[in-house]
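Please see the structure below; I have some questions.
Going in written order, the chains are labelled A, B, C, D and E, and every chain counts its residues from 1.
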Amino acid sequence: MRKRVVRQKLIKKHLKRKPGLPPGSLIRQNDNSQAESRLSYFLYNQESIEEKHIHSLSELPKKTKEKLFWMNVVGLNDIELLRDIGKIFNLHPLLLEDIINTDQRPKFDDFENRISLMLRLYDSENNEMSIEGEQITLVMGEGFVISFLEKPTDIFEPVFERLRKTSSGVRSHRADYLLYVLADLIIDHYFVFIENLGVRIEDLEDSLFTESNESNLEKIHSMKTELLSFRRYVFPLREAISQIQRSNSTLIEPETQRFWTDAYDHVIRIIDLLENYRELNTSLRDIYLSGLSIKMNRIMQLLTIISTIFIPLTFIVGVYGMNFHNMPELEWRYGYYMIWCLMSLIVIGMLLFFKRKKWL
Amino acid sequence: MRKRVVRQKLIKKHLKRKPGLPPGSLIRQNDNSQAESRLSYFLYNQESIEEKHIHSLSELPKKTKEKLFWMNVVGLNDIELLRDIGKIFNLHPLLLEDIINTDQRPKFDDFENRISLMLRLYDSENNEMSIEGEQITLVMGEGFVISFLEKPTDIFEPVFERLRKTSSGVRSHRADYLLYVLADLIIDHYFVFIENLGVRIEDLEDSLFTESNESNLEKIHSMKTELLSFRRYVFPLREAISQIQRSNSTLIEPETQRFWTDAYDHVIRIIDLLENYRELNTSLRDIYLSGLSIKMNRIMQLLTIISTIFIPLTFIVGVYGMNFHNMPELEWRYGYYMIWCLMSLIVIGMLLFFKRKKWL
Amino acid sequence: MRKRVVRQKLIKKHLKRKPGLPPGSLIRQNDNSQAESRLSYFLYNQESIEEKHIHSLSELPKKTKEKLFWMNVVGLNDIELLRDIGKIFNLHPLLLEDIINTDQRPKFDDFENRISLMLRLYDSENNEMSIEGEQITLVMGEGFVISFLEKPTDIFEPVFERLRKTSSGVRSHRADYLLYVLADLIIDHYFVFIENLGVRIEDLEDSLFTESNESNLEKIHSMKTELLSFRRYVFPLREAISQIQRSNSTLIEPETQRFWTDAYDHVIRIIDLLENYRELNTSLRDIYLSGLSIKMNRIMQLLTIISTIFIPLTFIVGVYGMNFHNMPELEWRYGYYMIWCLMSLIVIGMLLFFKRKKWL
Amino acid sequence: MRKRVVRQKLIKKHLKRKPGLPPGSLIRQNDNSQAESRLSYFLYNQESIEEKHIHSLSELPKKTKEKLFWMNVVGLNDIELLRDIGKIFNLHPLLLEDIINTDQRPKFDDFENRISLMLRLYDSENNEMSIEGEQITLVMGEGFVISFLEKPTDIFEPVFERLRKTSSGVRSHRADYLLYVLADLIIDHYFVFIENLGVRIEDLEDSLFTESNESNLEKIHSMKTELLSFRRYVFPLREAISQIQRSNSTLIEPETQRFWTDAYDHVIRIIDLLENYRELNTSLRDIYLSGLSIKMNRIMQLLTIISTIFIPLTFIVGVYGMNFHNMPELEWRYGYYMIWCLMSLIVIGMLLFFKRKKWL
Amino acid sequence: MRKRVVRQKLIKKHLKRKPGLPPGSLIRQNDNSQAESRLSYFLYNQESIEEKHIHSLSELPKKTKEKLFWMNVVGLNDIELLRDIGKIFNLHPLLLEDIINTDQRPKFDDFENRISLMLRLYDSENNEMSIEGEQITLVMGEGFVISFLEKPTDIFEPVFERLRKTSSGVRSHRADYLLYVLADLIIDHYFVFIENLGVRIEDLEDSLFTESNESNLEKIHSMKTELLSFRRYVFPLREAISQIQRSNSTLIEPETQRFWTDAYDHVIRIIDLLENYRELNTSLRDIYLSGLSIKMNRIMQLLTIISTIFIPLTFIVGVYGMNFHNMPELEWRYGYYMIWCLMSLIVIGMLLFFKRKKWL
């Protein structure tokens, strides 16, 4: 009778490392996952660009002051590789630990000469992605950016495209602008996610006001779980981007400030919409509940109409089913027909009564 | 049986540009809209005023230090035109992008020598306008103001009138006063909007306390959606105007500060009213729900009264419909009449009982 | 069946001037009101006092440094008069506009050398006053105080009395002390108002726990509307008085600071009580709703008792109303009486069952 | 049927003085109370202690620099006495007014050289005390402490005991330590109060989960009223003690700061518990409401079971009570018995059906 | 019929000492507990480590500058012992009092040269532990750390292991790092606790959406009580760790700051999850309540279907049970069969009606 709704699960393993391990311990998360990490890099300046997929860190190009270096690391299971990257690029062990523990809150960190920004990617078109999104860590140092992704995704494709064009703005800016471009791209995807949510809320509204489907409650609850989960990853982002703006790291150029202000503005808009959707979700629950009450009222109206009409009639026919010897009506010639008339009058009266009450 | 209520839709496309585009990209919003942008300007000082509708930017007058220039741009589909305006008046690409993406939060921005104020217009008398209002961007520089509107509206008419009068205060003040006058006008319209909401709340109250119309729930929910949407555009305005007050831009004269304080005060009053209306909306929902319960109680009372009276009577007549050979009452001469008396007594007793319970 | 409750209306015209008018425009509020403004003044110092009702501003006494001047203006419809007062006492046009637009939030303003304090008067004993209270504006300058009232009230009578006494503290202090005395008087009246609310809450509680009157819901909702309206005028007062305390206006003497602290404390107490009353109001609504459920339970209990007792009995008498030729019981000599015994046993059993369930 | 619960009344006279009286007016609160104020004092230093009950202020000892003086004033009806104390100890008129108006928020005040701390005493063991507690004002100056109590209480007894011991820490500290000891004692009593509340919540929980007593709603509401009232007097205490800590009064020794921090910590813990209890109270209300629903479900189940079993049976016996001339079954030899078999089968089927539904 | 759920009790004795005792009084908490305190210590530096269980403080090693000393005190009933530890390690009496009163909020204190951190331990695997957790106090001075535990636990085992390894990072850091390691370990256990909560929420969800078990309400309420209790001990931890970060105590090395930031981050994540779980808990309650309504609807549907079908039929057979002399139908040859046909049609009609209503 009840159709099962695929409820979203909020709960997953939040603690990846066992209590008591030293800080900075790197523990592989998915032991049964064989996927290797995939590495690719861009080395570019205004004039030229080099793009390459590599299989080991030994293939890394030499660092030069003139060119910007962006490495994209997809898949976080190869602990050794990550440790090597940490050594080469001089990353703090706690930062590496955070990169691997993929349930971090979005945050901005400034480890002398290295800044990192952690975000969640919500890629609605990638069905492989869970409701919790995937963690993306962007690390930047003088002249380089490294992006760490949990799973393959084609979300960075537009940036690749822009990079390949000589005229692109990205080619002429410094590393912090690339950092902004990547963060902005991820934030833009939140709008897609939240729009999907909006469509689902509208569908639910329509469904709630027309039919009273019991599975709607499960949908409403599932949506609330998603909203809570999403909020947990978006709210801290406001603080993180605000910290970038206030940061006095020399890695952030003054001229990119304006762009971070724009990104901050986008996050605020998403949070506003999110809060509205949470309120609407509560409202939907109330509508569902009153839908149950309305249905109950209708059921009881039906029962009451039927009972109120037939119970008195049954009484009347019962009267003339009595076996008293002396019941004059029984012998009247048209007694039977008169009873039918009487009962018809009662029924008509009742129907008029219910009509006036607007029950019919 | 249920009348459909036109529910307001909260959800629209919040992201106008595709994820991954460079910042400052200008994308036409409504591709199927052929409407051209309409341009008009005022060039005035205390002594003289020139008012003109123009068709291209080449008709723009020369800028002079002695006169203030106010250009009104209606319709945001002509990307080329907007880009040209941006070049002529030296507007930041991110500002232009915001002007076109008409789902911005109200905000104040200070781009060296250019300040911009984004607001939403709620013009209750203009039926073309959606529940979300329309975005109005006011941009000001030394000696000029440009206002960007999504759609034609006659809301600025009173300001036009005042400008045409030589004695008007607007004529004798500088550009920041004109900015204030336009912002104040838009905020004044919020009072009209919120008053309409108030009237609708009162109507709903009356309706809820007199009849139990099922469509009321839909009206309450729709109003909540509107309140949420309106709040999303009014709350940030408080911050925006407060930023103008604290701004140390040389474009804002100290003597207009007092007027911005007044505008700030108006926004606070609107927010107060809005919050009260939100609480009343919740209250209305509770009244609706208890209306359902009250109705249920009444239905059940009716059923109980009918059942409680007739079920015992039916039992009694059933007794004397039994076919036992030895049932002395059946042979009594007035048995039948005595049964009627007994049943009448029971009915009267029941009626008195329900009377005392105040069910009748 | 339902008694109408006089619900308080929250909504009134919040915007008095038409959108688009220049700031500082003075528009008469109630066009159909013929009431003239009434003027009276006190001119006093420690030694002497002069008290006079005047009909035009030409009767004003000359300003002297030695004496304090307090003018009381009742009725705000005479725009010309107010404009003249504005000119004589050098009041800012925006202040005059606020005086006339009587839906202002309580606020403190400091217009160089003139400070103003706007409050709402809740005079519970004056039936003419609406639920929204009346706006009182207190304006103070060097050596004078002017109070603007919407309607006649005898609330200032105790201050008049104190002024007339030579020994009074008011006579020996400066203008800011008079300002405090008037504000304190108005705040004191809030306690009366809130005490009345408290009494009504207690009455409602008693009513809710003893009888289930449907009009109670309307009373609860009406009280919530009042609480919301009252809160809108009391919350900002906290900020206003706090601004007086922090103000560095030379008009506020350091020795009156202590008194303003006291007034601030009173406002905080009122806000505390108000918030408690709001919570209790919500609680009352819950009690009302569960009252409906309790009533429903009782109705259904009655129906169930009656049905559960009589339905089986009716079945039994139906059995012996059957016309089978071969039904031995019918021919038993005491069959009829045995059935009565059986039915009595069933009824007694049922009654015991309901007794144990505590339904009877 | 319903047992009355003694509901706590939140509302009492909050305004003791009539509006319009000058600030600092001392008005006797309980006109019908004849109780005199009772005075007693301690005069002590490390070496010696003098303890005395006195009847008039003329019996006060001379102030000396070497000894600390603590006077305990019980009963606040003797206005003249309080005024005299105010003169002798140089107390501010507004402070005296607050001492007498016993509905003050807890607060700390610093009147040059006199500091005062107002608290509420909740003495659970003293039945005379109302739910609102009693106001205790502690006033301290150089070398003396005065405590003002509304009613006699033996709460200070442990401090008396400690004072009488030569070895006591109180004897060796200065006046501010005595102030702390008294405040700490009063705060400790809050724990007793809140523990009592906790026990009552547990009892209510047990009651709600086992039986559905209608008076529970009244108990829940009464407890909420108490929690609100208690909160009103405990929340401001946090601020008051924090002000003592930040105070730069020379009367507070740096070495007692640590103790105030401890007291602050206690207040925070009480507030935490209080907030938890408020949430639990709300939770109890929900449990009560669902208790009503569960009961309703049970009632309706019973009605439905009885109806569903007997209504079809009654129909069947009705069929064979019809008087058609041609009804073959009636003449069957075992027709009557077969009907009984049929009806038994139906009943058994129904019972199995309800069994499977877990209704039985 | 109702299975009892073991509800968690929120309430325990919050005040361990009697009101009126001097601050710093040490009172044994559990008088009937004979358990002695158990002492053990580690004395270590990079090169060597000494580990010992001792029975009295006389066995303590001499303090040396080269080695770090960590003493673990399990069991807080031996007041004398604690007083001696206080003397030897120069601990403030108020700190000792807090160690013994095991209902403290988590807090950080800086008593000149001694810093203390109080936390709650939630050890899910230790069944002896109550829902409230156990208090752990970490005290640190120059060169030593003392940890005070209420009950034996093997939670510190991983740290013991790491200490015993020469290569361990703990061995090469100073005392504040050991403090961090212990705090981090305790915080890590919160993740385990909160994960268990998450699993229970999912189980409850599944249960609520499939069956309507009345004991679920008790489970939901019990979980809320636990969440409230847990929150009371986790929220203040955020502040405590933030105070460590801002502390300017010389005991905290600058290089451990980064680790505290990491711990702070963990606490924030736990708080986020906790708040989400609280919202989900509320949501579960709503689902439970609507489960009751859904069940009620089903019950009433069944009753209504049965009644609506059989009441009219019973009326019809009643009609032909009447004893009128002149009832032509009774004499029709196939009257009886026609009635059966009529009744079958009615039943089929009704069934179709309910089918269309989706009740069947």
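Note that a residue touches a chain if its C-beta (ideal position, glycine included) is under 8 Å from a C-beta of that chain, and two chains touch if they have at least 3 such contacts.
Treat the numbers as computed from the prediction; the structure is a model and nothing was measured.
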Between chain A and chain E, centroid-to-centroid distance (C-alpha), Å: 27
Separation of the C-alpha centres, chain A versus chain D, in whole Å, is 43
The positions of chain D in contact with two or more other chains are 289, 293, 296, 300, 303, 307, 311, 314, 318, 321-323, 327
Building nodes from the protein chains and edges from chain pairs that touch, which of line, ring, star, complete or other describes the result? ring
Output ring sequence (origin chain D, second chain E) reads D, E, A, B, C
Chain D - residues contacting chain C, complex: 7, 9-11, 13-15, 17-23, 92, 94, 103-105, 107, 111, 214, 217-218, 221, 224-225, 228-229, 232, 236, 285, 288-289, 292-293, 295-296, 299-300, 302-303, 306-307, 310-311, 313-314, 317-318, 320-323, 327, 329-336, 339
Per the touch rule above, chain A residues touching chain B in the complex are 155, 157-159, 161-162, 168-170, 181, 184-185, 188-189, 191-192, 194-195, 198-199, 201-202, 205, 209, 258-259, 262, 265, 268-269, 272-273, 276, 279-280, 283, 286-287, 289-290, 293-294, 296-297, 300-301, 303-304, 307-308, 311-312, 314-315, 318-319, 321-327
